[in-house]
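Before anything else, here is the set of structures, which you'll find just below.
Each of the next two complexes has chain A plus one more chain, namely chain B in the first and chain C in the second.
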Partner chain A sequence: MTETMFTLPPSLYVPLLDLACGAFLLTGMMVLWRRDLAAIVRLFALQGIALAALIVVLGVYEQDVELVAVGLGVGALRAGLLPYLMRRALIAGGAGREVRPVVNVATSLLVAAVLAMLAYAVAQPLIRLSPTPATQAVPIALTVLLVGFFVLVTRRRALSQVVGFLLMDNAITMTAFLTTSGVPLVVELGISMDVLLAVLVFQVLTTRMRAAFGGTDLDELRELHD
Partner chain B sequence: MNLVGTLFCTALAICALSALAGLATPTRLRLPLAGLGTAGAGALGTAAGLAALLGESWSAWLPELLPLAGVRLAIDPLAGLFLAVTGVVALCAAIYGIGYSRDGLDGRVVQAAAPLFVAAMLLVPAAASVSTFLVAWELMAITSLLLVVADHRHRSAVGEAGLWYGVMTHLGFVAILAGLLAFAAGAGGESFDQLRQAELSPALRGTVFLATVVGFASKAGIVPLHVWLPRAHPEAPSQISALMSAAMVNMGVYGIVRVGLDLLHGGPVWWWMVVLIAGAISALYGILQAAVSADLKRLLGHSTTENMGLVLIGVGAAGLFAAWGNAVLAALALTAALLHVVNHAGFKTLLFLAAGSVQRATGTRDLDQLGGLRTRMPYTTGLFAVGALCASALPPGNAFVSEWLLLQSLIHALPTSGVVGAVTMPLAVGVIALSAGLAVATFVKAFGIGFLAKPRGPEAARAAESPPAMLGGMALAACCCLVLALAPTAILPVLSHAVAVALPGPGAVTGEVSLHLAGISSVISPLLIAVALGVAVAGTLALTRVVATRRVRRAARLWDCGGGPMSARMEYTATSFAEPLQRVFDNVLAPESDVDVTPVKESAYLVESVRFRAKVPDRIERRLYEPVLSVLTFVGRGARHLATGSVHRYLAYGFWALTGALIMLAVFQ
Partner chain C sequence: MGAVLQVVLVAVGSPLLVGMMRQVRARLEGRAGAGIGQPWRDLRKLVRKEPIAPDGTGWVFRAAPLLLAGTVLVVAAVVPLVSTTSPLDEVADLFAVVALLALGSVALALGALDTSTAFGGMGASREMIVLALVEPTILLSVFALSVRVGTTNLGTIVTSAVADPLAVISPASLLAAAALAIVTIAETGRIPVDNPSTHLELTMIHEAMVLEYAGPDLALIEWASAMRLSVLLGLLTSLFAPWGIATGNAGLLALLLAAVVVIAKVALLGALLAAGEVFMAKLRLFRIPELLAGSFLMALLAVAASFFLA
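This part shows the complex of A and B:
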């Protein structure tokens, strides 16, 4: 099987890898920049494509068919199914904008820059362990992880929160593939199912929230506190 | 497996079966099955303990039973003594419980937790490694906590008592855990055999001793860690009160003896001085609080603090004598302490069970509402009288014997003990004498006000005698008290085996009828004293009868100063009985009284109503615990501002924690 497969020379592998990682980081950062919820979902879909491309590139380079297949699956889920579900929730709830984030957009981008620096500083020992082109990209995954968390903290609309959560999950998946060339298929399947379930729950929840409160601003939930 | 092991394991198995019976059988069968099972387990535990006291020891290692460490059990004579005491108390309490639990206490949880509580108390002395000991200790704490809150639906004080008990017992557990873990880490192994052979630095030994003593003292209700005891013991169902007050508190003493004298092989003078002083303060403070208490079961709970204080005086004195190199006196003091543990278990079981009968018959524990039970509950009255006599440290009671032994050891310490001893020993003697005197007043009050004279309240007037199962349990406890009082020589020789585990050497007390003390020329014969007293009382009665029958009897109304017929309202109450004592110890007790006079509207000189309230609060609780509690409440209130209900805020906490940790990592890596 391996003989028939197309081999990727290192001169092509590293730029492709960097390109995918760059796209991954850029889409993550742009989630902070855009306020239009539909645009945020589009960005998330683009990030899913970048992630899938990254895994496929890794799979082709390592000549691992299974990894390529996983990459395609991840792409189908994160660039196809999840954005589709979120768009449906968005349409059901009427398109909206992130009107008043807890931290405004300019500050958010500055914070993201700081988080990127932090991620680079923290990831250095990991890179030193095995300095390959793949592990060199780990700081990007960590940055997106922190950015996702930051989105979760500062964005008010339920959909932005889910995107923040999914950004974190994307980043975790990316870290797994960069450092260990993929977790076992069963684990990856399990995580994907979890994520899918979370989005489905979110879809039901936003509909209910809209019915109950007339909006999806999470701070409306404050009244649940004792 | 030898005799001890067989008996012990059978007892544990029966406890487990009884707990199952308590959970799974229908209400009608539940009480007899669980009660008889627990009683049987108690009897077997006693047998195992006695066999171990007679010299047969047993040990086992079950590596698969607990992960990582396994279960290590060993029963030596010292463990056997505490097993036997626990077993007898469980036997009496379980028989009593069959009758007592009918009214509302026959729930599954209570009936299943009681056998497990007994099993845990049998396991604690048998544990022979740190992990086994801690597991058994925690099992004992949890099951007893469940039993304390058994009655929470009917009385609101139960919840508060449970909270106090839960917090105090777990703080104590933390202290024991810290001490024993430090010990095991220093020794490089966790079985008691390894701990015995450990060579630790003096600082570590001192830390281990102090930490464990704090934990064990909190279980024994020693001042100032006693605050839970007068709350939790009275609020538990009465047979559980008896188990806790007569058996569970002993585990604190066991822990101190086991760790301090056996595992650490004794220590410097200051260790034992701490124990002795804590014991002396507890003895005095406990009996003072008991003397002014008007709640029958609370009074008994305070008396437990007093008696554990006396035991700790003995243990502390034994450690001191050992540190000073006087092995004979050390053995005598420890013998006295352990004998007092046995004696206290006997009379406190009886008293708590009798108090439970009173509570069941009248619905109240307030001595000011009781009285006149002698004609309505004759057996309970008689049994309580036996218990009160035993508790007041007067001949022919059993506490007299152990306190006499304790006094002998302290008095004879003077020539050998240097300046420190010359100061502390006479003070300790004074404390014991004073507490004995106050104990007499306390139990005269409890018996005289509670059972004699006319009923002070309508509940007392309607009281009826308890069912036979309850009387049986009490009678069994009374028999144990009588045997201990009249024939202490029967158990003192075997007691010396237990003493020898902690302080190797020959027995301190010998004799068939009279007690002869080794190295001291004192002799006492409880049996002869009792016979002499009996003869004297019988003689006096006969004489008065002879003298009285010479006159013709006249029936007349009691002289009432012309104030109309005497009513129960004019009787002496428990509060008034204790008032002189309260006055004498005013500075210590700091009682609070409050007079509220409401004048008639028209004239300030005419009084419409007078309201008088008197209360003796626990001063240590007020000074020591309330400030701590108020600080904790304040901090807790402040912490509520952290949780406003905003999802973003909660997420931000997580975000800041993560980035903070990462920044630390980046800076310090």
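This part shows the complex of A and C:
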């Protein structure tokens, strides 16, 4: 609401918004494509940057300083702290590749295409409620949500599953900002703390798993031992 | 006028483009290189040899190089490189171009099968795998661009891109550009998919098909492959960086300027491609469907984005 902020003309706002959404979608899809866990973490960090850019663009357009600050905070958490923690877990965890996903990579890319279509179909009523450039990008958030869930279900390594979970969370955050343009700061802070806690727990867990079983392939943890 | 210039440019310039790409690779690998004119010297040497065909091959084998070169020349006349107007404007359509390129590939694969050697059959089957995955992606990614314009005519798509340069950075356009770049690499048999300078039986695709050709036939095939590479690179630059292309009824001077610009753009793209190849290893054959499925996905997302974000 301050007068010191410059205004963003719609002719620039829409391409910037679309560009951030495109980068968000592309990084989400690339997670399915790559097998190298370090590359997956890097893609997640890039997605965090895209999400932060999206929120900042929304904030500047609506002249809302709080939204810009939230965007920067989200960027610091999702492009900085979480990838850093995951990278540390990765170094401690050893094995650096998703060797054999439950669904092979070519098939999962095609499944992702189907999920994208599904998300577009599902989001249509939402868009019809208020057709603005921001709500028109909601299908992208829903696509990444479904892809994140797919990663969570079909990958074997603990780290890829956590990235799948975080993709879902990124997508949920993005949906919130696109549809309501501004979640209360307290809510956003609560969600961020939750995510941070999940990753911290994951980090401790992988270290323990590695000490106990020598690997983080979750499929090997089906049977009970005494 | 523009079309004639385009065909001449592609016909004369393609071997030079291939020579320049080899030269860039050679320099980056610390070799002296054979010079930019080497592909033309090779072609001259091959043309002077006597035409010879293996025993038991029929007309399919002999017609394949002619068909391959012919289709590429037609595509060179149709695709907007120097000028967006073409005498074949009604058929300068995305589907016609893709069909012509596919016709050339299929002719070559049939020619390779006609020799009934193990290598020919293997190369043909691999080429068909790549082709089956590449063609839908080309169609989809150009389709993503055509949604905005409302027509599949390539000239009109490029004209509207010239009029609205900011549309090039839209997500649909960027996704389509990435998909089309991967597909161009696959279609022309460059490094992550196929290695143009190898004759190792485990890996070769294109070279396995042309193994039985010799003399003028081989020259024709080499020339056509070079033209294919430059036409596809030219299409890529025209669709995503259309600056300087002559639109409408441009005069001679504008056409010449556009020709210089397109040569510079294609040469730059070729040099980038060659430089990228130095740092990359060829993918395993079984990983290629993954790469192409990824590019198909990007093309599909580009179509979806152009429908839903617009």
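Here, the second predicted complex is superposed on the first by the 221 of 226 C-alpha atoms of A that agree within 3 Å, B and C clash if a C-alpha of one lies under 4 Å from a C-alpha of the other, contacts with A are read in each partner's own complex, and residues count from 1 in each chain.
By our rule, contacts are C-beta pairs under 8 Å (C-beta built on N, C-alpha and C of every residue); 3 or more make two chains touch, one makes a residue touch a chain.
Computed from a predicted structure; not experimentally measured.
Partners chain B and chain C fit side by side in the overlay (superposition on chain A).
Once the two complexes are overlaid on the shared chain, A:L115 sits against chain B while remaining clear of chain C. Once the two complexes are overlaid on the shared chain, A:F149 sits against chain B while remaining clear of chain C.
Using the contact criterion defined above for the overlaid structures, shared-chain residue A:G22 touches chain C, although it does not reach chain B. Within the superposed three-chain model, A:P125 lies in touch with chain B and out of touch with chain C [touch as defined at top].
Between the Cα centres of chain B and chain C, as seen from that of chain A, there is an angle of 130°, stated in steps of 10. Applying the stated contact rule after C-alpha superposition, one finds that A:V105 touches chain C and leaves chain B untouched.
Closest CA pair between chain B and chain C after superposition: 16 Å apart. Comparing the two interfaces of chain A, the one with chain B and the one with chain C have no residue in common. Looking at the complex, you find that chain C touches chain A at residues 166, 169-172, 174-175, 178, 289-290, 293-294, 296-298, 300-301, 304-305, 307-309. Chain A makes touch with chain B in their complex at residues 102, 115, 118-119, 121-122, 124-125, 146, 149-150, 152-154, 156, 218-219, 221-226. The part of chain B that touches chain A in the complex is made up of residues 643-648, 651-652, 654-655, 658-659, 662-663, 665-666, 669.
Partner chain C is touched in their complex by these residues of chain A: 11, 15, 18-19, 21-23, 25-26, 29, 33, 105-106, 109-110, 112-113, 116-117, 120, 133, 136-137, 139-140.
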